[in-house]
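Structures incoming, each one as structure tokens.
Across the two complexes that follow, subunit A remains constant while its partner is subunit B and subsequently subunit C.
Moving on to the complex of A and B:
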């Protein structure tokens, strides 16, 4: 499974890129966090507020091994702005997958 | 209308023949006539009565015993998948309770048994039971037993109702809180929702108790509409589902009735509003007791009487065009209902507010819009009386309009009121008055072929001028509506760290800090008014980051136009 934490505004581009790769399904969730950037500060009505957690989106794609590498590269390429906070992409093994509707398992369920 | 697929019938079910006959009624064989909703209900009642009579006779339901239908079957309003509510009555002087229990179990597993006295005693302890017994109707067995139950239950209800109507109101409001408004939900609950069929049962009970007038022709028509829709919904869904989903709409349209989603919601909304008006009027005197024995003045022409805001003697109904707004804002402020008779008098005799509105009218409108929780019920009541549409003629286009966005749970009209309610609680703008107005009008451009925000901005401009706002404020109001999606869209789709993003936002807003604050506040109120969970800390941080960057990029003197006193 490929998991990516990226900036919210790159989501549309990531979706378009993955569609071009033939990846039709993904799970997207709104998350908050920080990495090296350690958040930032925000000024509102003259007062400065520390914003520890920064809004990000988490994209999860379950793919077979050859596709997973392509997905990883495509997301990393598309989400890169070159600035701090661009996010992370990683791949984790998945034991098995079942398509709930049909009961198909493994690669057939992808 | 398409029927659902045949439902499998268990072969060992004692009611197999009943289920087969019902299936044939719901999905008649090719060439057979498809029954209209009222005829289908009548046929279902006859079918159940026949089956139950036959089975009762076979099992020996004779003297000293009576099989009684309650609820929908008792009222002859059975929907296709309603579970009939039944009671086996017995006379304890002649029948052993254990025999009655065995007989009931043979008739239907779980079927309740009771003596007349026991059933009435239970009704005194449980309101739903009391209401159910009012519909008692003999199906089989000894008629005298069933007649005694019906008469005794009615007598007991009439005697106890004055002391129980408050509890009935509490129960009804709890159900409304759970099921929502039939008139405003995109997916209304036709049975349990506010203005649905259960409310008609409550109204029937209050009529029996002498606490309400017999249903008017409008209420009777509303009952037919709701019953027919529920019947068709069951027939289409193939199960006892009473929530009409968006997916069902295409199957419930009728060449002789509503032909589109908006038309269907308009029909449902009209019926539900009629029911709500009747049931609220019947429950109200007991829910809102006078807070004092006097008649305190609320302002010119208004008093509180019997827990309602109403017109004072000598109120200048025919000469005071602001009176309706004073009444509404006083009611919303005080969390009190408006007297239906006052609304009727105003609807008949109040003069139109001429454009541009005087300052006093605008101030009362803003007080009403800023009332928070009290706003929705008051505007609903004004709307039912035909007064809200006179104040805001554009309302008719969105009153029952289904939203284009599936995340919305309510009609566009109700969404606008919810957003206004949430706008009243925020403090993120220097112009709370314009925020309230923008919240009220921001989706008035929906439901037309053109771009909603563009049309909405034009409509907002018309409304602003009619309300007598200064030109600058009219422009700000229109711009707020025009650019209502700018911040959420930009925050999600563009890099906020990119100076070009900030420049673009400020260019669109012409560097107006007031407008920026209004858009931030409207975005929050809009999301909060859309659905629970639509506004999250995630969304807030995303928007606040963009807004903070925009504010930082503004020249220190560029604070937009000077803040104006709300209502000015």
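Moving on to the complex of A and C:
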């Protein structure tokens, strides 16, 4: 499974790139966090507020091993702006997968 | 005099405009609250209909507009009991039935009490707030309204000749002072000032500020009590003073903080409106622009007072209403033009220093009376009912602890009529028959 934490505004580009790769599905969630970028400060009526967690989008794609490598690279390419806060992408092994509708298991379920 | 249909139409419209300020204020404060305390904030403002609105009919109008009682402290409370003595068609003033004036002034009482709520967000017991509202209206607002708005008998309005056209003293200095005292006696929110939330919805704040401005035309121009020259004059000044106040606030933010903010623009609107409220029929448009601009500057700094002196006035009722009210009330002493409907002359128009002294006396009297009485009322409520919610309830969110509601459904799972697989939002009490039958 490929998990990517990216800037919200690159989501459409990432989705288009993955569609070109033939990836058939993904799960997207709005998350908050920080890395080396840290948060930022906002000022309301002269009072500073530290915003520690920055909004990000988490993209999760379950794919077979060869595809997962391509997805990893594609997301990293697409989401890169070169500025701090671009995010991370990682791959984790998946024990098994079942398609709920048909009961198919493993690669057939993807 | 015959009933004047133009005046009646304008005053009924003005009353409805001032009523609209209540939801406007609820949005203005609610947007600045945390998403888990927005409903309580809006409810505190709306609840003043239920408390002050009712009290107004019973005894409030009498206390404010009855004949001088106890040396002019308040009006005769029995005079217009239940407003029954206003009901004849012949009871009218300058072509306006007194019932219309009673409805118009009811909105002022309701709004003034609602203004205080912004200082005590996120930590006051709701029932204690309602009891406080009743006592404060009874003992503080109605007497001061008598001093300021009863043009025949009130000592501020007719006795010393202070100019307060629409309530710089009775409404804004009064509410701001009460907010200061109540915030001090209630104590700070948990974590204030370092660990409190930022405004959860600034679009609500801006909509609220816009609605307040719209409603304020009724507040200021309606205070003429006739549809005529004074109303038109006050209306124009209510436009221009507010425009310059936005300028003033945003300039401070640009210079001091580096960015002009939407909260600053919205707050500047309110600051300008507050300051022009007493002055709207007393100054030229140039004077109004000066007063608005100075109020924008002063209030942009005024909202910092709470950090310097350590009182948690959550949404700056002191910084905007007390400071803005003082700016407007005192600057009349400088900018009043004797050709205006109010007819007083200030320092800059050859009137000397007399008017300024009178304005200061009115402001100080209202602050002193309001400060002392508010402290007494708050201490009585604190000793009998308690003012604050539990610390844990504050952390969970006052919407849940005081109202068992949440302003927003973020999960998408809540609010179902039957238990979902996640077990969230299943009703534990009675379920209406129709919805329980669906499953």
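In this section, the second predicted complex is superposed on the first by the 110 of 110 C-alpha atoms of A that agree within 3 Å, B and C clash if a C-alpha of one lies under 4 Å from a C-alpha of the other, contacts with A are read in each partner's own complex, and residues count from 1 in each chain.
In this text, a contact is a pair of C-beta atoms (placed from the backbone, for glycine too) under 8 Å apart; a residue touches a chain by one contact, two chains touch by 3 or more.
The structure presented is a predicted model; accordingly, all values stated were derived computationally and were not measured.
After superposition onto subunit A, the partners subunit B and subunit C occupy overlapping space and clash.
In the superposition on chain A, A:77 contacts neither subunit B nor subunit C. By the touch criterion defined above, A:7 lies against subunit B but remains apart from subunit C after alignment on the C-alpha atoms of chain A. Contact with neither subunit B nor subunit C is seen for A:64 once the two complexes are overlaid on the shared chain. Touched residues of subunit A, counted separately for subunit B and subunit C, are more numerous for B. In the overlay built on the shared chain, the residue A:108 is in contact with neither subunit B nor subunit C. When the shared chain is aligned, no partner comes close enough to touch A:19: not subunit B, not subunit C. When the shared chain is aligned, subunit B comes close enough to touch A:55, but subunit C does not.
Once the complexes are superposed on chain A, the part of subunit C occupying the same space as subunit B corresponds, among 111-119, 129-137, 147-155 or 201-209, to 201-209.
According to the touch criterion, the shared surface of subunit A, contacted by subunit B in one complex and subunit C in the other, consists of residues 42-44, 51. Across the interface of their complex, subunit A is touched by residues 193, 198-199, 253, 256-257, 259, 261, 263-264, 267, 300, 303-304, 307, 316, 319 of subunit C.
Only residues 491-497, 536-539, 541-542, 544-545, 548, 551-552 of subunit B touch subunit A when the two sit together in their complex. The part of subunit A that touches subunit B in the complex is made up of residues 7-9, 11-12, 30-32, 40, 42-44, 51, 53-55, 81, 83. Considering their complex, residues 42-47, 49, 51 of subunit A touch subunit C.
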